[in-house]
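For reference, the structures are reproduced in the following blocks.
Consider the two complexes below, in which subunit A is the common component and subunit B and subunit C are the respective partners.
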Partner chain A sequence: MRNPWAQTGNYRTSYRQDTSIFATHRELVSLLLFLGFLLVLPQFLSRTQVFILDLILVYSVAVLGLNITTGYAGLINIGQAAFMGVGAYTAALLAPQGLPFWLVIPLGGLVAAFFGFLVGIPSLRVKHLYLAMATLAFQVVFEWAVGHMPLLKQGGAMDMPRASFFGYEAGFRNHFHFWYYASLFTLVLLALFFRNLLRTRYGRALVAVRDNDRAADAMGMDPGRTKLFAFALGAFYAGVAGVLYAYLSRAVVIEDYVFAHSVKYLAMAIVGGLGTLVGSFLGPLFLVLLDVNMESLSNLIKALGFSVAGVDVASALRPLAFGLIIVLFLMFEPRGLYNWWRLVRSYFRTWPFKY
Partner chain B sequence: MKKVLVGLMAALGLALGQQQVTLFWSGAITGPTSETGAPYGAGIEDYCRHMVRSIPGVVLNCVVRDDRYDNATTQRLFEEAVDRFKIPIYLGYSTGGMLQMKALVQELKIVTMPASNHVGLIDPPNGDYFFIPVSTYSEQVVALLEYVAKQKKGAKVALVVHPSPFGRAPVEDARKAAQRLGLQIVDVQEVGGGNLDNTALLRRFEAAGVEFVVHQNVAGPVANILKDTRRLGLSGKMRHLGAVYTGGVDLISLAGEAAEGFLWASPYYTPQEDTPGIRLQKELVSRFGRPASYAENHNYTAGMLAAAIAVEAIKRAQERFKRVTNETVYQAIVGMNGPNAFRPGLAVSTKQGIEVDFTKSERTGAEGLRILEVKGGRFVPITEPFTSLLFRQVHYGQ
Partner chain C sequence: MSFLLELLVSGVVLGLIYGLVALGFVLIYKASRVVNFAQGELLAMGAFSAHFFLVVLKLPVVLAFLLALGFTALVGYLLERVFLKRLVGQPIISVIMATIGLAFFLDGLLHLTPYGAGSYGYPTFLPEGGVAFLGARISYAQLLALFLTLAFLFLFSWFFQRSTLGVAMRSVADDQMAAMSLGVSVAKVFALAWAAAGLAAAAGGVMVGTISGLNFDGLVHIGLRVFPVVILGGLDSIPGAVVAGILIGVLENLAAGFLDPYIPGGGTRDVFPFLALLLVLWFKPHGLFGTEEIERV
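Let's turn to the complex of A and B:
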């Protein structure tokens, strides 16, 4: 038998091995080490830097959901922010009743999943751009409904109570650290579920329906049920992300769940790599850090007083960089950052051999 | 690098026996509403730079950041300002972002002065540390309704508001005020940006016999409605009026001749008036190389007013307590009333001759406002400064 620690490639000899979560022992160990690194990381960062990490974690949960609906099942969804909003408003209604946050998180996900199921119904009849329009319609209806419901303060702020866990309360100083660990735990749990999904017949059905729903139907899969499942599950992830975001930002306002944010999550999924687990983390990581760094760069340019023909270069830099990155990825690397990750990983795994 | 620079500046300040105090603003220099946010932020930055060494014992550090109208960025910048700059006062911007931070501001007890005039910011709960530089949107709209009631009893009125918490802010108070004034609010419509054809909206108003349309919006959507009113030949049938962010030079440049006759509730002096504040505005725009149009932009005036109040509060805190902290600035700002009211010459005074005042319970600054009308391509005051008594009755039950 080969030494599993010295393995330089995938030498799978059985179906069981082919469906294993970790291809090599080194993968498992490196993941555990990375998780250990993530656990201690906030101790070396300022509060605002931890807040940036919180945002990346929460966005990753939402993008994971989008990768189920759009990446795996191929159903275009441009209403992910609205599903997040459903989770957030569920939290804003339930949390003040005294429910603990660890119960509110799955409940928000379930309510969003229910709405995802409803929005998925048109997917039984329409595809592609027409389906995108259906999800856009949900986004518009959501914004309109919230704006006209006094129960939801017509989109104004609904305060979230402070969360506590076994007597440990999230105050001003530890708020971001508290939600870092809560979000990290949730993300790891949902990522494991995501990874396992493809190993189940439900997960394989998603891919089969995406590639050819008639062929999948002929092979005994139910395309309709599979599509509804994809929408509900993707919305569940978004709902969970919405609850986390609501707690993190201390209040729910409609502006955090509007169409522009749906586009942002779609951009994150594309930049990260559609239909990939690692891409769901790399997309939010890249775009959030890009934004923060562009902010620093624009402040520097502003301090230097640099302008071209009266154009405020400093202010124009951030939106310009965001748009440019999306276009460049679509043109030159449609497989997203995941492909770069795959190449780097492959290099180290096969080292010292070329392949 | 930045930390080193800040540290060096702080060390230099201490060496000279001066406290460095950061005046921090974050708002939409780019993104949605940036047509308002960019001049507003410029007004704050320029006024701060103008006053940088004006307070004995204090050196001002002027920091202006772009949040792109994104609430998460607003929150991050605020927290960074609290941790890194130990800000004694925070100048904020959007309605949603500020509403979201109410509980946090209350917990930290940091005086916060938003560009948003949403009454919900100063209402309980958690409104004790919010101070709005001018009258609220609700008060402005109620004042417009009072003006309408004086023009025609029992008039039919429609409200057109922005589809956001900012737009919806005055609707409830407007309904109550209209009832007391004997006006009929026959329709409330939400209109945002991109309203390139308003024929259906205006025909609907015409069918309902609407005589006055009151807007709570930004200039762009209002300009489109004004142009369509003119195109459809309805200018003689209905008059348009708007709260503070609907008007100004932006509206005139966007709507052109269609803006003629538009009525605007504004607390600010116009660029044509010769007051110390307006003279300073023109000087600062020129000195700091801003676009020439900023000299006539009321959003720049608004930014200057917010900065002026903040700097004055810092100055009074230093004079009275010999140290500038969030607590001393709070004491200074709630003491800004009666003979200690502030007069920067940027906003009109009330009948009592007060330009800007605050107390613990009255947290709106410049409460006087005038109705201005577009005549010959510029806004001309058509009323004396006044405050709306009815607003306090309908909102606070006083």
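Let's turn to the complex of A and C:
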């Protein structure tokens, strides 16, 4: 046996090794070190900066779910924000009843998963574009239904209580820090599940059905059930993200769960790299940072005095840059940021050799 | 009775406009299998550029509208040439995302002009009032839209039946490989389909603007309304787009007229087309006139 610490390159010789998550010890250690870094990071940051990190974590959860439905199973979902909204509104109804947040989070996910199951039913008959239409219709019907339910304040702001964890109150000062750790824990848990999904028969069935559902059928898989499973699971992730977002922003408003946000999550998944774990973090990271910098850029433009009467530069620059980034990524790097990550990683894995 | 008739008539007019906009969508889909999410933005571009030519440059009405059509067709052509040409053969999710991205891009461009916010209207060029038809009142704007849409539809069908370019486009839609081997430039046809889609969208936009004024969100919204229409009509059927357009237009007008008073908050107009979309997907996914896809392993 080679010394696993000094290993460079890929020496997998058995099936067991091939399905292992970490190829080398160095990878495992660097991941653990990175997690430790994430644990201490918020202590050195201001509240606003922690809030931005919170957003990235919560979006990552939603994008992970999207990577299951759209990335693994190939079912185009342009209604992820609506599933998030289902989770968020579940939280808005349950949390004021005094349920603890660690119970509300999975419950919100389950309710969203149920809706995901319902929306997935047309996938038994149709695929590709038609399915995208079904999720779009769900998004529109969701927005309309919330806007007409007095129970949900017709889409107006519903307050979320502050969370407490076995006597520890998350007050004004440490609200963002508290949700940083809660989101990080949830994200790590769900990411582990995501990573392991492909090592199970269910996960491999997803990919098989994506690549050719007839062939998968012939090999004994049930494409219909697999697709419904993918939809429900992706919606579960979205629901969890919705609950986290609701707690984080301390209110549930319909504007946070409209079509434009669904597009945003899809864009994050694509910019990160569709169907990849690392991409699910890189995509949100990239687009959230872009959004934050857009704000300062438009402020700069305003300060320099390049403004026409009646034009809001900020509201123009955002969609402009967002749309351009999506299209440019699709044109020049369709595999997303994950591909850059892969190149960097393989360089270090074989270091000091070229390959 | 006259209430119902009025709803029906304005529904048909609205539906014909939907049909026209959906026609552009179907053209692109038929030629290149690209799903165009930017149709609403093209429509807004057409409507606002007409406003620009009319109000800012003070051109005569007909000239301004024609220029707006030409301008939007050019925008559609350029979108294909610059962006979508490079995405041929990519998976469908990439193509969908690309047109969504382009929609946002155009959105941003429009927001850079004053047209991004607020409401605008064309200066009135039609006489007030309207004609009575079986007790229902039809405004001149609606009448004009009716005739213009029919004229456009007639023009398009002539183009596809008779002209060389139109036949080339149909051949590409039928079988790309065969068309290519017979000397049809597929790339040219793709770009042309986008130009035609821009033209159709702009025509729709100008008519919506004439009937009910210009507002960015309202115009872009019509772009999403295209989806129920094309799914109901069948994604690759041009007559389907027109028939389904009328059906959806009438449906949403009837819903708004008869159901809104009973539903607090109203807005049934916005949701009924999508409920119809869901029903169609459940029971007849390929729509009224769409070709059923037969898959082989």
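Here, the second predicted complex is superposed on the first by the 342 of 355 C-alpha atoms of A that agree within 3 Å, B and C clash if a C-alpha of one lies under 4 Å from a C-alpha of the other, contacts with A are read in each partner's own complex, and residues count from 1 in each chain.
As a convention for this text, a contact is a pair of C-beta atoms (placed from the backbone, for glycine too) under 8 Å apart; a residue touches a chain by one contact, two chains touch by 3 or more.
Only a predicted model underlies this, so the values are computations on that prediction, with no experimental measurement involved.
Look at subunit A after the overlay: subunit B and subunit C clash there. Applying the stated contact rule after C-alpha superposition, one finds that A:Met331 touches subunit C and leaves subunit B untouched.
In the superposition on chain A, contact is made by A:Thr48 with subunit B only, not with subunit C.
By the touch criterion defined above, A:Gln154 lies against subunit B and subunit C together after alignment on the C-alpha atoms of chain A. Counting the residues of subunit A touched by each of subunit B and subunit C gives the higher count for C.
Of the two partner chains placed by superposition, A:Asp211 touches none, neither subunit B nor subunit C.
Judged by the touch definition given at the top, the superposed model places A:Phe172 against subunit B, while subunit C stays out of reach. In the superposed pair of complexes, A:Gly323 makes contact with subunit C only, with no contact to subunit B.
Once the complexes are superposed on chain A, the part of subunit B occupying the same space as subunit C corresponds, among 116-124, 170-178, 188-196 or 296-304, to 188-196.
Overlap of the subunit B and subunit C contact sets on subunit A: residues 144, 147, 154, 310, 312, 315-316, 318-319. For subunit A in complex with subunit B, the touching residues are 46-48, 51-52, 55, 143-144, 147, 153-157, 159, 171-172, 176, 249-251, 253-256, 291, 295, 298-299, 310, 312, 315-316, 318-319. Within the complex formed with subunit A, the subunit C residues making contact are 35, 83, 86-87, 90, 92-94, 96-98, 100-109, 111-114, 116-118, 224, 227-228, 231, 235, 263-265, 267, 270-271, 274-275, 277-278, 281-282, 285, 295-297. Taken together, the subunit B residues at the contact with subunit A in this complex read 29-31, 38, 65-66, 68-69, 71-73, 75-76, 79-80, 83, 94, 96-97, 99-104, 107-108, 120, 125-126, 163-165, 168, 190, 291. By the touch criterion given at the top, residues 70, 74, 76, 78, 121-122, 125-126, 128-130, 132-134, 136-138, 140-141, 144, 147-148, 154, 212, 214-215, 218, 259, 263, 266-267, 270, 274, 308-313, 315-327, 330-331, 334 of subunit A touch subunit C in their complex.
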